[in-house]
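Paired with subunit B in one complex and with subunit C in the other, subunit A is shared by the two complexes that follow.
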Partner chain A sequence: MTSSRPLSSYVTLGLALVVWAILPFVVPRHVADLLVFTGIYTIAGLGIGLLLGHCGIVNLAQATFYGIGAYASAYCTVMLHLPALTGFALGAALSMALAWLIGRPILRLTGYFLALGTLALSAIASALFFEWDWLTGGTLGIGGIPKLDLLGFALDRPSRYYFLVWIVAFACMAVAANLVDSRTGLMLRAMRDSSTAAAALSVDLQSLRTRVFVVCALFGSLAGSLFAHHASFVSTQSFTVDRSINFLLIPVIGGATSIPGIVVGALFITFLPEFLSKLGDFHQILFGLALVAVVVLVPDGLMGALGRLRKRRVAAGNGHGG
Partner chain B sequence: MTLSLVLQAIFAGVTNGIVYALVGMGLSAIFKGSRVINAMQGEFSVVGAMTTVLLLTKAGWPYPAAIAAGALAGALLGAGLELAFVRHMARKNASEDSFLLLTIGLALTLSAGTLFFVGRDGYLLPPFGEGVLIVLDAVIQFHALWLIAIGIGATLALRAFFHRTSVGLSMMAASIDADGAATTGINVARMRTYTFFLGGLLGALGGILVTPLVAVDYQLGLNLTLKGFAAAVLGGLTNPLGAAVGGLTLGLVESLAIIGISSSYKDVVAFTVLIVIMILMPNGILGRAGRRGG
Partner chain C sequence: MAAEPLLALREVGHAFGGLSVLRSVTFDVPEGGIVGLIGPNGSGKTTLFNIVSGYIRPNMGAVLYRGTPLGRDTIQQRGLAGLVRTFQTPQVFEQMTVLENVMVGVTKLTRTSMLQDLLRTPAARGQMREIRERALAACERFQLAGLRDVPAASLTAGQRRILEIARAVVGEPRLLLLDEPSSGLNAQEIENLRDWIVRLNEGGMTVLLVSHDMGLMTVAPMVHTLYFGEIIASGDMAAIQRDARVREVYLGV
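This part shows the complex of A and B:
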């Protein structure tokens, strides 16, 4: 974040905040519900965006950490009757520990191998969630997960839960933005663009990549815990390989290097299927085609396309002036 | 653990292994020819098998004709993928990731298309041969024997194709050194289309062969892609014949491992093996030697 921002960008930000605060009260309940999911998916997508945009890593294992967060919250609150915060903490701790343990060896892979290695990881996790039904309830799942309350204020409606989810999302965005702007972020991009050159400058690739993978897992787990308390019910269907693929689409569609891009991607994957579902079963085909269109036509995501458009307009404007 | 149980597991492993091998050989042929990891490889199998099922049951075609049409459908889908998307994106120097995402998107589309047009039900094809063979109390379906024979035949035919025919040799040349091949008058872009045609054909063949044993439905594709990829990686990825060895290994490991533990851990074992092999043996189980030929 540069300090020489024009005033207009603060005005835009202020307006966006006002719209954000009013939005849940003016939209119908099911739209507020979708906005809650947008927030949850933004959190999960942020981590994948960091890996994809700044490390060049395709992470297809996010549903694993999302699942760990969700089951940790479900198990702690329903089975052990512990406060909700313990579920969040346990999920985060487990996810980060697992990401660190698995990250060390698996991040030695590159390119396709790494992408499919993480996909295999997601397939393993989804099979284990299914098999360990003493812990996860299998396909029957765990129900009755309590709604949260914040400082005595019950977040029992989408329009209220919205605020908690998005405050967490903003916090995660701040963490991500900080990471990107820090020395670590600089080293990450150096590593992405030329790993040999970065290694020659004694950048420790493995530990950096592992660190970002751990942050990604943390975001995934937080999103999972938030999801569990929102849905009140978790089962294996929510943590399949398909879900991992869906999560990957968030930064791909929106643009992996831009944080607003992640929000755009999250909006896309929550609202487009909902919008298309009026067309019946056909909507999944259209969703697939929309994805293909994005990959083929705007490989740097919707935000990337927007940026290019703006640049072109500025360039055209300069052309006229000169 | 009795002998017949082990024998049964070995047969199941070889049968599954041949299917993984066919899917993996297609994946590997495409990777070799275009450096694209095709995440919709399993969809070729689904489309091939579904086409055969529909022609056989709804249109009343004779079985062999339906099989040929199913295999052709998969092959044409492969060639279509190259002509419609890969060629266009390769010209724009698209990254590895975009190809992966493209094929993931197409896999989702095809899977949704199958769901929309055919529904949630699984479909079986009739076995190629009725009856069972009993060896030392192990029950082996005749169809499994057909599957193994056809799989081995296809592998040998593929080898002969790459080594003996001029088209096959041109495809190899185009994949090893595109500029050099172009200099000698080989149409590199057309060879890439052929590669995708071949990949689609192999995928569809795998799907058609397995459908008398495992019902084909809209969800089968992703699982076959993963297993096929595992087979291809075990074999060193750039060598289609290595993928045959990889597929057999994967099938055997999977079915022998589940003698010891619950059968529901089949996928866990297979994918763990995949990750471990990728990390420890990046050139596949055949090592560098396996990268030659094929």
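This part shows the complex of A and C:
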């Protein structure tokens, strides 16, 4: 089990990298655009996945942190003419502070009550984004958010912005994977499986839950800032409760305990509606049916199903080998 | 004077609503000792356990640990101070493997910040290696090595019980609270359990043991009998079994 990785896994990884690098140049512009959104949603979905898969917490408030990141970037660059990085930093700081302040009281709730608490947070935030139009521009929003450039290289097209978004997404995936494999990850899963026994082993439930909530908010805010610089325009419509539900779907569909599963979930919610919309007016019904099919047929998500399939094949292979 | 007891219960009383379940319970658990607690169902044993481990705050009396009242100390604080319990119904982390379950028991001996964990710093990696090594050793010691990659959900009742004990012991508690550790075990497993308790105790661990199992109870030189929330007899198992009141109310003869 401890042997080094086989050569084939490096070859696969290399091929995947090559495909990743040439993909935005060979697909049409609107597909490249969707791939950018997939990256942004992967970042936001990673936080939800950590909470859902490793803490058993349903977070329906991610659009709030996504919105804070987006508005912070819009306000800093358009209104205050500050460098883009300040928007990212301000959004992250505000989101983490809010998650910490709100997390301490509402993470005392469990199960459905906690889910409803986060839903309420999302509803309140979405109302405030609308009401505080002196800050957010209300329904008119804030436009003219500058495109980013990286080391003098203008990221003004989806095929270029793609690289920044996905590099951030891979970094976030690495950080999330670190957490899952760490001492903290162990304590989180213990708490998810039995909070009573975890407490007896000195796992500090409250503080752990709050800290993961803060990490989730950080991911949400980063995704929001990236979104603002991609769309050039942000308004209240992008940060409603609907968006929160969409974010929750990502780990549910892809598999909450799997990090690649988050990418699968993000691909699903960006590409499937787009593909189905070509089929006519009933595309939303079809998307709904596809969702129901995934949740009913593979409750542990697409990656969960894949994992079980692989395990079964290995078991069968061992059986044949004697 | 004898040395200060590791754990001391002073006039501990508790009622749920109007129902009094513990009345003025006072006893000591000496450092390095094994103390047993027997009593029929509903006599208050588990409530007493919940009070000592911090799941319930008593209405009356005090619990002193190393001479200091535990008062409002949380379950986690008591755990860090070296007081670890098991449960009457084993509470394993079902979706985690046996090894991971035991690893959770080691986490309290190590310290990393979440930031270190997120960035997988050398310190975080080193601690994780240490956690794993200690857990592997404990799996070996409690004969769980063959099951270490199995999800805990697929264990038998007896295996869950042993896993729970291994997970508690690996955190090096000073005081181990065992709630009905032999229920669900077969004769051989009970024999092993007895062995482990004796050896852990010889290694310096103090044990408070609740059990119905009279055979297992003979490991404890001091046994208290609880009946409707009161201690009605104390002594070694032989003395308890001779006690007229115990025979009347508990053994039913």
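The rule is short, and it goes like this: the second predicted complex is superposed on the first by the 318 of 322 C-alpha atoms of A that agree within 3 Å, B and C clash if a C-alpha of one lies under 4 Å from a C-alpha of the other, contacts with A are read in each partner's own complex, and residues count from 1 in each chain.
Following the convention adopted for this analysis, a contact is a pair of C-beta atoms (placed from the backbone, for glycine too) under 8 Å apart; a residue touches a chain by one contact, two chains touch by 3 or more.
Note that this is a predicted model, so its numbers are computed, not measured.
Peer 1: Of the partners subunit B and subunit C, which touch A:A120 in the superposed model: first, second, both, neither?
Peer 2: In the superposition, A:A120 contacts subunit B only.
Peer 1: Based on the superposed arrangement, let me know which partner A:V168 touches: subunit B (first), subunit C (second), both, or neither?
Peer 2: In the superposition, A:V168 contacts neither subunit B nor subunit C.
Peer 1: Subunit B or subunit C: which reaches more residues on subunit A?
Peer 2: B
Peer 1: Output check: A:I245 vs subunit B and subunit C. Expected answer is one of first, second, both, neither. What do you get?
Peer 2: first
Peer 1: For A:I106, select first, second, both or neither according to whether it touches subunit B, subunit C, the two together, or no partner.
Peer 2: It touches subunit B, and subunit C stays clear.
Peer 1: Please work out whether A:M303 is in contact with subunit B alone, subunit C alone, both, or neither, and reply first, second, both or neither.
Peer 2: neither
Peer 1: Which partner does A:V234 contact after superposing on A: first (subunit B), second (subunit C), both, neither?
Peer 2: neither
Peer 1: A:T184 in the overlay: touching subunit B, subunit C, both, or neither? Say first, second, both or neither.
Peer 2: Only subunit C; A:T184 stays clear of subunit B.
Peer 1: Once the structures are superposed on A, label A:G288 by its partner contacts, choosing first (subunit B), second (subunit C), both or neither.
Peer 2: Only subunit B is touched by A:G288; subunit C is not.
Peer 1: Which parts of subunit A are in contact with subunit B and also with subunit C?
Peer 2: Shared contact residues on subunit A: none.
Peer 1: Can you check the complex and tell me which residues of subunit C touch subunit A?
Peer 2: Interface residues on subunit C, with respect to subunit A: 53, 55, 75-76, 79-80, 84-87, 91-96, 100-101, 103-105, 107-108, 110, 112, 114, 117-120, 124, 127-128, 131, 164, 167-168, 171.
Peer 1: Per the contact definition, I'd like the list of subunit A residues that touch subunit B in the complex.
Peer 2: Per the stated touch rule, the residues are 52, 56, 58, 105-106, 108-109, 111-113, 115-117, 119-121, 123-124, 127-128, 130-131, 241-242, 245, 248, 252, 281-282, 284-285, 287-289, 291-292, 295-296, 299.
Peer 1: Which of the residues in subunit A end up touching subunit C in this complex?
Peer 2: Going through subunit A, the ones touching subunit C are 175, 178-179, 181-187, 189-190, 192-194, 196-204, 211, 215.
Peer 1: Can you name the residues of subunit B that touch subunit A in the complex?
Peer 2: Interface residues on subunit B, with respect to subunit A: 37, 85, 88-89, 94-98, 100-102, 104-106, 108-113, 115-116, 222, 226, 229-230, 233, 262, 264-265, 267-268, 271-272, 274-275, 278-279, 282.
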